[in-house]
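In the part that follows, the structures are each spelled out as C-alpha cells.
You will see chain A twice below: alongside chain B first, and alongside chain C after that.
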Partner chain A sequence: MIPARLAALATHRLTRGQLPVLAGLLLPLFWMLVTQGPAVLLRLALIGAITLGWQILFARLRGQGFGLEGIAAATIVALLAPDTAPAWQLALGTSFGVVIGLLVFGGHGRNILHPATVTLAFLMFSFTSEAYRITPELPIWTLAPAALLLLASGQANWRLLLGALIGLIGLGWLQTVPEALEMAGTGLFWLVLLFLLADPVASAATNASRLLHGLLFGLLTVLFLQTGTAISTLVFATLMAAIFAPLLDAMAIAVNARRRERRHGR
Partner chain B sequence: MTVRRVNGFDPWFGPVPAYGAPTAIIPRTIALLGDDTPGLRPVFAVETGAPVAAGETLFVDSKRPELRHVAPVAGTVRDIRRGPRRSFDRLTLSVEAGEAKAFAIPAPLERDTLVALMIEAGLWVGLLARPFGHVPAPDTQPAALFVTAIDTRPLAPDPAAIIGAHRAFFERGLAALRLLTPGKTYLCQRRGAGLPAVEGVVEAGFSGPHPAGLAGTHIHYLHPVGSGDTVWHIAYQEVIALGHLLATGTIWQHRVIGLAGDGTLRPALVETVPGADLHDLFAGRLIDGPVRLISGSPLDGRPTRYLARAHHQASALRHAPIAERRDWLGLAATWLARGSGALIPNRLHEQAAPPGLLPIPFLRAISVGDIDAARRLGALEFVEEDMALLAHADGGAADYGRMLRRVLAELETAR
Partner chain C sequence: MLKSLHTVTDPLLDKNPVTVHILGICSALAVTTSVSTALTLSLALIVVLTIAAGIISLIRHHIPSSIRIIVQITIIASLVIVADQILQAFAYAMSQRLSVFVSLIATNCIVLGRTEAFALNNRPLPAMLDALGNGAGYAIVLLVVAFIRELLGAGTLMGFGILPLVAEGGWYQPMRLMLLAPSAFIILGLLVWAVRSARPAQQEPREFTPYAPERQVQP
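So, the complex of A and B:
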C-alpha cells in the first residue's frame, strides 16, 4: 500500500515517462566517458541520430507519437557497443533494432522486444569481429541510482529482478559455474537486468509471469555462459526470455481464467 | 463478522475531510438527470409549468414501466431538456412548499407488494444488477443482495455517521429488502463501523483503501458473478429512503452529502434534496479563483450542474493552470513525459486493480476491443466505477470505464 501523500508522486507523469530511465543511465555514461574518453559520446550521437531519424520518419508516415524511449535505447547501445565498431555496422544494427524491434509494432508500448536488445543481438549475430564479445568494464555502484529510480517509480518490477537472481545463483551453484556468481556482482549484469530485462513493455505483464520471466532469464544466462562471453550471454538470454514472455503471460492468464470459472460455476 | 482486507491505494485529492454535523440546505432548483439511467426513453406524466407534489410520478420509460422517476420534493416543472438524438438530458424543478403524496403501505409486506411499492415510489431505480450494472427487471430474482454501507472514494463522507442519524429508517428498510432475494442479503461495511444488526442480514466487513468500498469488490469476495448468476446491490441512502417510505408513507425528501475538494473553503456535510443544484450547495463555500464542480468524487464523479442520484458527495476542484500561461518548467515536463500514448505497465496498475483482475492483459484487451479475452479476464464482474482507479493510476488520459462499457454492451447483445 502507498501512503496517501506519495500517491500524488507515484501517479505524476514525470515518474511514468522515460525520465527515470535517462537519469539512471547518466552515471554509467559518465563513468564510460571518464574511463574510455569521448568516443562513447560520438557513438551516442551517431546511434541517437539514426534512431531519431527513423522515429521521425515513422511519425510522419504513420502519425504515431514518440517519446524519449529512442534516446534511452541509443544510450544503452552506445554503452555496450565496442570502441572499434565501424560506424556502418552500428548504423545498420541500430536501424534494424529500432525499426524491427520498436517502430513496426506501432511504437513504444506496443513492441514486444527492447530495441536495444534487438540492436545488440543483431550486431553480435551478424558480425564476427571479436570486439563485439569484449565485455565493457562497469562497476556495480554506477547502477545504484538506476536501481533506486526504476524500482521506486514502479518501472522495473522487483519480481523480475528476484527471479533472475534466483535463476542465476541457483543454477550457477547447482552446476558449479563460478562465472555465474561473479557475474551477479558486475555492473554490466545489472545494466542489462534493469534496463533491458525489466523494461516494463518488453517483459511479462502479470506478477506471476514476471517472476517466471526473471527465472527463465537467470537459467538461460547460466546455460549460455558455459559457452560464450558475458555480454553475448546476457544479450541472448534477454532476447530469448523476452520472446518467451508472451507465452508465460498466456499461462498466467489461463490460470486466472480457470480460477474465475471455478468461482463462478458453483 | 469476517473482515476482508482489500489492496489498493488512496489517490491524493487533499487530506481526509473532517465532516461535522450536517447543515440543511434547500436549493432553489433541482434536476433529474438522464445520465442517471442510461438508455432511458421517457414518457412524461407532467408538462412544463405543472405543479407537482413530492412523490408524484414525473416520467416512466416507454418500454420498462419499472424505470419510474418521481418528484423528490414538491415544486413546479421548469424545463424538460433533450440531449443528442432525442435522448433525455434533464428535467428541472423549482422547489416550492407543497404536499407530499401519501403511499398506501401494504401490510403484511410481501415480495410482490414491496416491489410494486418501490416502483410506484420511484425507489426501484436505486437498485442495480451485476453483471452489466443496469436497473434489474422486477420479475427476476437475484442470487444475493448487497447493501453498500462503506464508501472509500476520496473525500467521501462516512456512511456510518449518516446511518447513525437515521438508524430506525435504515433498519426498517434493510429488514424489508431481505424479501427481494431468496439468497443472502449482505450488509457491507467498514470494519468496526457498528451498523445496526438486522436478523437475516449477513454482515461483511472490509478494510483497506479504495476500492474496498465498491460494490464490485464486495461481490467479488462474497458472491462472484459471471455468465450464470445475477446479484443486485443498493446504496445505503436508498435503504434509508425505503425505510422512511415504509415508516411514514411518504418519500424521504433528503440526501446527506459531503462537499469537499481543494476548491472549497472547508469541507461540509449538508442535508439537502436529491438532484440539488450544486451552485446552490456550494454558494459561499468556494475559494476565489476558477473551480469546477463535480457531482461525486474527484476520482469517478462527473462534471454536471446537479447532484446525480448515485452520488453521496460533490467536489469542487481548482482548475489546473491554463496551458498558454504555463512556465518553461511545465513545458519541459510535458516534453519529457510525452510518449506514443500506448499503455506502459507500472507497478501502480497492480495496486489499483480490483481484486482478482490481471490489469495489464485486461486493459490491453478492452482498449483494442478484444471481447473474448476481456470476458475471460473477468469483464462481467466490473462496471465503470471499478475502472476509475486504474484510469487515475494511468494518468487519467485513457477512459477505461468507457472502453469497458463498450465491451459490456457487446457481451450483452451476444447473450
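So, the complex of A and C:
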C-alpha cells in the first residue's frame, strides 16, 4: 500500500519516524500563521536554531547522531509559547529543555521526557507573567490530520488517548468540573495529547501501562485544572504522567511475569 | 610547607566535599537563595569545623574509640551553639533568615566526616588546615550556587540590584524557579557535571554491570 520509497524515507536514520509528527504539525502551524501573523515563524526560527546548535554541539562532543526530533520539539514549543515572551526567555528555556530533557541522556530514544514538555514546564515554572497564562487558540479540526497520521503510523498509541479521555471525562464528570469536559474539545488538548503525552519515547511501553499512563494524565489534568490555567495544567500533567510512565511499565511487566509463573504452577 | 599547602588547596576542587563526595547537600539547597545567607553559613561552618578539628586533634589520644562519635558530636554541637548565639547577638536579622540552618551545622556530614576521618589521626595544625580547606571548598560551592540563584531569581547580588527588573521598568523578569529548591539541585548537578568533565579523574567507575539474564525460551 505504502510505496517502498516513502517507507524507506520514513524509517531513514535522519528522519527517525519524525515525518508523521512534522506533517501533523503543519496544519496547526499554518493556522497560527494565519491568525497570529509571521511572529510564530520567527519564534520557530529562534527555537529551532538553538535546538539545532545544541544538537550539533553534542553530536561533535559525544559522537551521538541526531535527526529531526529537535525540529519537531521546537515547532511544538513555538506553537505553545506566548507571542509576547522575550527572546532570551525562549532561548534559556529551549537550552534547558533540549540539554536536560534530551541530550544528557544520550539523544532521542534514550530520554525519559519529551524535550518540549521540559522546555514548557521550565518556562511556566520560572516566569510568572500573564503571557504564560494565555491559552493558545487552536480549533480542534486543525489536529485531525495529525491524529490520523500519528495513529496510522504508530507514533501515538490509541490506548493512551483512550485512557486520557476516560480519566479526563470520568473524573471531570464525577467532580463536576465543566472545564474538563470543555477541554476535551479544544485543539490545545489534542496537541498536547498527541505530540507530548503519546510520544513513543516519553510514554509507557506496554499496552496495559499505556492505558494507565493515559488514565493518570487525565486524572491529573482534572485535578490541576481546578487551580490552574489550561496550558499550565496540560504541561504539568504531561510532565507528571511521563515521570511515572517507567513505574507503570515496571508494574505491568511484573504482573505479566507473575501471571506467566502461575500458569506454570509455581 | 608545600604539603600543608596541599592540605588546604586540595579540598577546593580536586577533593571538594560537595562536588566529589556529595556531602552537605541539605544546607547547600536551603540557604543558597541569596549570597549573603550562603556567605554567613559558610563562615559559620568554617569557624566551627576548624576549631572542632583543632580540639578533637588535641585530645585524640585520650578519646576512647568506643565513644569517639559521642565526644566529637558534643564538641561540635557546643561550638555550633556558640556560633548560633554570637549570630543572634550581633546579627539578629541574619540569624532569623538562616533559621535552623546554623544549628544544623552540627549534623552537617562534612564536619563529622573531617573530624572522624582526619582530625582523629593527625596533629592539630594539619587537622585545622584540612578543616579550613574543606570548609572553604564547601563555601565555594555554596557561593557559586547562591550567586546563580540570587542573580537569576531576584536580579540582585548581596541585596544590590544588578539586573533591571520588569516591575521597576527594566527588562529582566525574575525566574521564580531559581528561588525554589529544585533549582539548587539542578545547578548543583550541572556544577558536578562541569567539574567532572574538566577533571575526569573524579568520575566514578560503574558500581555494577547491568543485569543480563540468560535468554529463556518462551513457555
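Heads up, the rule we're going with is that the second predicted complex is superposed on the first by the 247 of 266 C-alpha atoms of A that agree within 3 Å, B and C clash if a C-alpha of one lies under 4 Å from a C-alpha of the other, contacts with A are read in each partner's own complex, and residues count from 1 in each chain.
Throughout what follows, contacts are C-beta pairs under 8 Å (C-beta built on N, C-alpha and C of every residue); 3 or more make two chains touch, one makes a residue touch a chain.
Remember, predicted model here, so these are calculated numbers, not experimental data.
In the superposed pair of complexes, A:Phe125 makes contact with chain C only, with no contact to chain B. Using the contact criterion defined above for the overlaid structures, shared-chain residue A:Gln36 touches neither chain B nor chain C, since it reaches no partner.
Touch criterion met: A:Ala8 reaches chain B, while chain C stays clear of it. Comparing chain C and chain B on the residues of chain A they touch gives the larger count to B.
Of the two partner chains placed around the shared chain by superposition, neither chain B nor chain C is touched by A:Thr229.
When both complexes are overlaid on chain A, the residue A:His264 reaches chain B and chain C alike.
Once the two complexes are laid over each other on the shared chain, residue contacts for A:Pro86 go to chain C alone; chain B is not touched. Contacts of A:Ser95 after superposition: neither chain B nor chain C is touched.
Put simply, chain A uses residues 260, 263-264 to touch chain B in one complex and chain C in the other.
Chain A meets chain C in the complex at residues 86, 89, 100, 104, 122, 125-129, 260, 263-264. Within the complex, the chain A residues that touch chain B are 1-2, 4-5, 7-8, 10-11, 13-14, 16-19, 64-69, 106-110, 153-155, 157, 200-201, 205-207, 249, 252-253, 256-257, 259-261, 263-265. Touching chain A in their complex are the following residues of chain C: 166, 171, 173, 175-178, 180, 186, 193, 219. Across the complex, chain A is touched by residues 7-12, 208-209, 224-229, 333, 336-348, 350-351, 356, 358, 360-361, 364, 376-378, 392-393, 395 of chain B.
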